[in-house]
Amino acid sequence: MSTGRVPFELVIPYRWSYGGPLTRFFEETKRNRRFVGARCTKCRCTLVPPPVVCGRCFAPLEKDLVPVSDQGRLETWTTVRFSYPGQPAEPPYTLGLIVLDGASNYFPHLVKEVEPENIRADMRVQAVWNPAPQGDLLDILYFRPL
Amino acid sequence: MTERVAIVGWAMSRFDTALRHLHREELVHGVVMDLYERTGLGPDAVDFVCDASDDILDGLSISNTGMIEAAGAFLKEETKIEEDGAFAALHAYQRLRVGTYRTALVVAHGKVSESSAVTYSNTICEPFYQRPLGLESITAHALQAQRFVEAKRATAEDAADWVVRAHANGLRNPHAHAARALTADDVMKSRPVASPLRLHDCPPLSDGAAALLLAVESEATKISKTPIWIDGLGLSHDLHYIGHRDLAEGRSVREAAERAYAMAGIRRASEELDVAEVCGHFSYQDLMLLECLGLCETGGAGAFARSGRFPVNPSGGALCADPIMVAGLVRLIEAARQLAGQAGEHQVPGNLRRALAHASSGLCLQSNVVFVLQKGA
Amino acid sequence: MPPKVACVGIGITEQKSKWELTLPALYRRAAKLALEDAGMKWRDVDSIVIGNSPELFEGVNHPEKWIGEAVGGYGKPLYRVHTGGSVGGSTTIAGYVNVASGMYGVTLALSGNKLNDCAHATLGLSTVYDPILGRYNFAAGAVSFVALQARRYLSKYGYTERLGALVAVKNRVAAGRNPTAHIKVPDNYDVDMALAAPLLSDPLRLSDCCPQSDAACAMIFANESRARDCRGPVAWVKGACAVGEGLYYAERDIAVPIALRKAARTAYERAGITNPLEELHYVEVYDAFSYQEPIWYEGLGLCEWGEGGHLFESGLTQRGGKLPANMSGGVLSSNSIGASAMIRKAEAALQVMGKAGARQVPNVSLALGHGWGGGLQFHTLMIFGRDP
Amino acid sequence: MNEPRIYENVIRIPYSWTTGPVIGAFLTALRDEKKILGARCRECKKVWVPPSDVCAPCNADIEPGDLVPVSDEGVLTGFTRVAHELMWRPADPPYALVLIRLTGADTDLLHLVKTPSSLDRLEMGARVRARWKPERTGLITDIDEFELTSEGNP
């Protein structure tokens, strides 16, 4: 009488809706190679990408999206050195939380063209735009030091 | 003695086959804002937020990470109950009975159009015995329906008449997006799906979200002119493997109803209740619920429904709109709307004082919750 | 004032990588341990609350439908709580609420998982992020997200990687006294050995990261009269609270857990605590990664923002210190994502009951258990006291 | 309203579920001995097919020692002819999911009927027998389907 394992690969197809704000955000990155954010009517902070509501204030966002610079500061980063399925790149690669100039929330993305030991907190970084954008996060290839 | 608890507000998003233009957070934010507009309140009036959604349905592990902001739960006490929103309402009721909270917001969402009812329900089956055989919601409920008919408790005609009546009610309810004028013949000749279930015996596919506001007595009377008191509450759970239980018995429905009736002091349900909203999802299961909830005697569901002397599912029920994770909470909302006289076109006339709402979780009514609601003093 | 509720029985299974049991059987094992600890029978339980980590981790949707009958749930009130990594904590709170609501006299709360039934647990983790925004798994994986938190903490307050190693040594050595802990290190495990571990995701080394364990935990809550019938010591719930914050909200600082600070303030209020550093005698924080322990000290209001590292280096939270923390070895020594947040509360309660065996700390009459989940968003707290 | 933007993708996760000793023994008996095991509860003596880790009504543990063989023949106690196209289906329609009370068991086993000749004669109480796959790997689908036996119905 043995105990064992039953193998099974769960495969579930999904069709996720982008929804209004994200559709407009990625139209701008694709068509105009620029970031847009939404400004909270209460705390006046600009959030990128535009969310459904300013979570902190639960206050509505201004209807018109505002353009936001593609430069900013790298608040924190990590160089990933171990591999796991579904990674954005082959290790080692560096992930960062970027706060774009004019925005006030984290925008996560890859950081390249700098050795990990040379990265400093809050260093200035600049988006590198994809020459063939598809309207998704890879419209920005990565951020590099300014 | 802790204070009584009342339903003081509700809101339902549009229900439709696919709300493709809305991100799930837009859907939830919309229904929460609608509730605040209807009650004239804002997030600072809410002490506790209880979310109901499902990771596999959303394709998002921890499906409430985005809901903290969308539902206005930022820096609030919050938790997620991974069952139909009616079970989250039960948990919110318990929180209010503790005495440390005055109000609780329950919000549930489900967008089956982003994934599928088959993957959602097949993955509920344990992985060794039922899952490899492809058991899912339709085939499981078909086996239960067949046993119910075999036990001479209902006929295909009873089921067809029930569907016709449900859709007729649904035509008076803007949220019943799938409601259509049907004849018994239409139902009995509709496409066979899994015997004895035909197309119209089954619920539609629906996306949607709903929200409910509960409050303790001293707060409730300030918020609403017609607070709807939760007088009775019962919950129970049955065996999982489909062949391990008598599918036609509905044991956990009966246990949940007994507990709710005992708490509310109800002895003869069909006489002391004025309206009921039940959530069997399929026609035969709705009929089975009439028996198991003690509204009619064994085998009498068909006649009881045809007699029309007791309004059941005036909203059309899940047969006309069935957003997964939300349909049970909608039954609770519809029962409260009836008592508050705010059910619009599908309002049951007369002075309604006590209502029943039922919701289930799992396949073939494996887990059930029953609420007894009371209007007025 | 809410009615008095006590934890009267605790069951923690071994936390290890492979359990030759099904998910229901693993939960049943924890339930039986808790019933034995409480001196109770299955029929004494009036309602059940089940927590389980995200379904995609184990591939079973609504697992409580399968687990329920194995833990006495047949014919009983039962529902499931799920808040990600903090699920054990929110399930504990739901167990307390079931009794405090007056609906039930005795409630069995269980939480756990069998992450190792999933060939690649990180695959399950990578589904935590919004599929569209996290599509290229930029923010995927708990390790990288917490690594971003750790790096932020170090650069903001000037601590070095030595802080992580110090926490790793304290908790990994402490695990030696905990029979259910997953990782056991040699007695001479020290800072240099921790710093020699390979870097996984800067600044996190292997020594700074929790293992992947399977386990289940059960806690039995009882109202005052039923608790008085129990012969052994019990741990009275003095305060319970769970608060959430957003993911990418305005001006978020990933190293400043404002939801934890709000939850702590509320829990202290309910427990009548005004100076936690002085009044608490024991703390279990959810140290899935070493740097998090000092960050959670700050969130708990044991010190000002930025002072967590210095509080740790002061030795105050070591064994023998004024406020010992994580003497169980913490999450750093055993992490069953489904059970860990409940185990933190169970360990706090065991210390209050004087039933923590070799890891018992002398005269603990007020102890706190913490847990976090989601994208560093949900914080759950429960405070236990020796007296009602 | 222009066409809403949709992101299509698949979540693909491999699992290998631990059977534990009881379900492990059941699946092993299918594979090695073409035998179906039930679990007899030490307290109420009920024979659960298929076996799980507990007899829930008695709250009694079930261990490999409680496993007893039952017949691979029995009678139909429920069936549904599946017509609609399911994304995950055990067979191409037409097939039936059935409940079978095997001789010696006190509960019903869920399984399949696929062969047309059997599908035509589905009725409550019909006698059925397991048709085993020649290559078996320790899965419930080591039984390919149940066939209606020709000895006619009671």
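For reference, chains read A, B, C and D in written order, and residue numbers begin at 1 within each chain.
Simple rule for what comes next: contacts are C-beta pairs under 8 Å (C-beta built on N, C-alpha and C of every residue); 3 or more make two chains touch, one makes a residue touch a chain.
Since this is a predicted model, take the numbers as computed values, not measurements.
Participant: Check B-C against A-D and say which one is joined by more contacting C-beta pairs.
Facilitator: Pair with more contacting C-beta pairs, B-C versus A-D: B-C.
Participant: Could you find the chain whose CA centre sits the greatest distance from that of chain C?
Facilitator: Farthest by centroid: D.
Participant: Quick check: how many Å separate the C-alpha centres of chain B and chain C?
Facilitator: Using C-alpha averages as centres, the distance is 33 Å.
Participant: Would you mind pulling out the distance in Å between where the CA atoms of chain A average out and where those of chain D do?
Facilitator: 47
Participant: Just curious, how far off is chain B from chain A if you go by their C-alpha centres, in Å?
Facilitator: Averaging C-alpha atoms per chain gives centres 38 Å apart.
Participant: At which residue positions does chain B touch at least two other chains?
Facilitator: 20-21, 56, 59, 68-69, 74, 116, 119, 123, 127-128, 132, 239
Participant: Could you say which residues in chain C touch two or more other chains, in rising order?
Facilitator: Expected reply: 20, 56, 59, 69, 73-74, 120, 123-124, 127, 131-132, 135, 246, 249.
Participant: At least two partner chains per residue is the criterion; list those residues in chain A.
Facilitator: 3, 6, 8, 10, 12-19, 22, 51, 54-56, 136
Participant: In their complex, what parts of chain B are in touch with chain A?
Facilitator: 19-26, 29, 42-43, 56, 59, 68-70, 72, 74, 111, 113-116, 119, 123, 127-128, 131-132
Participant: Which stretch or stretches of chain D touch chain B in the complex?
Facilitator: Per the stated touch rule, the residues are 1, 4, 6, 11, 15, 17, 19, 23, 27, 48-50, 52, 56, 77-84, 86-90, 97, 99, 107-112, 124, 139-141.
Participant: For chain A, which residues count as touching chain B in their complex?
Facilitator: By the definition above, chain A touches chain B via 6, 8, 10, 12-22, 51-56, 58.
Participant: Write out the stretch or stretches of chain B touching chain C in their complex.
Facilitator: Per the stated touch rule, the residues are 2, 54-56, 59-62, 64-66, 68-69, 73-83, 87, 90-91, 93-95, 97-100, 120-121, 123-124, 126-127, 233-240, 251-252, 255, 259, 361-363, 366-367.
Participant: So in the complex, which bits of chain B are touching chain D?
Facilitator: 20-21, 59, 116, 118-119, 122, 127-130, 132-136, 138-139, 142-143, 146-147, 150, 191-197, 239, 241-244, 247
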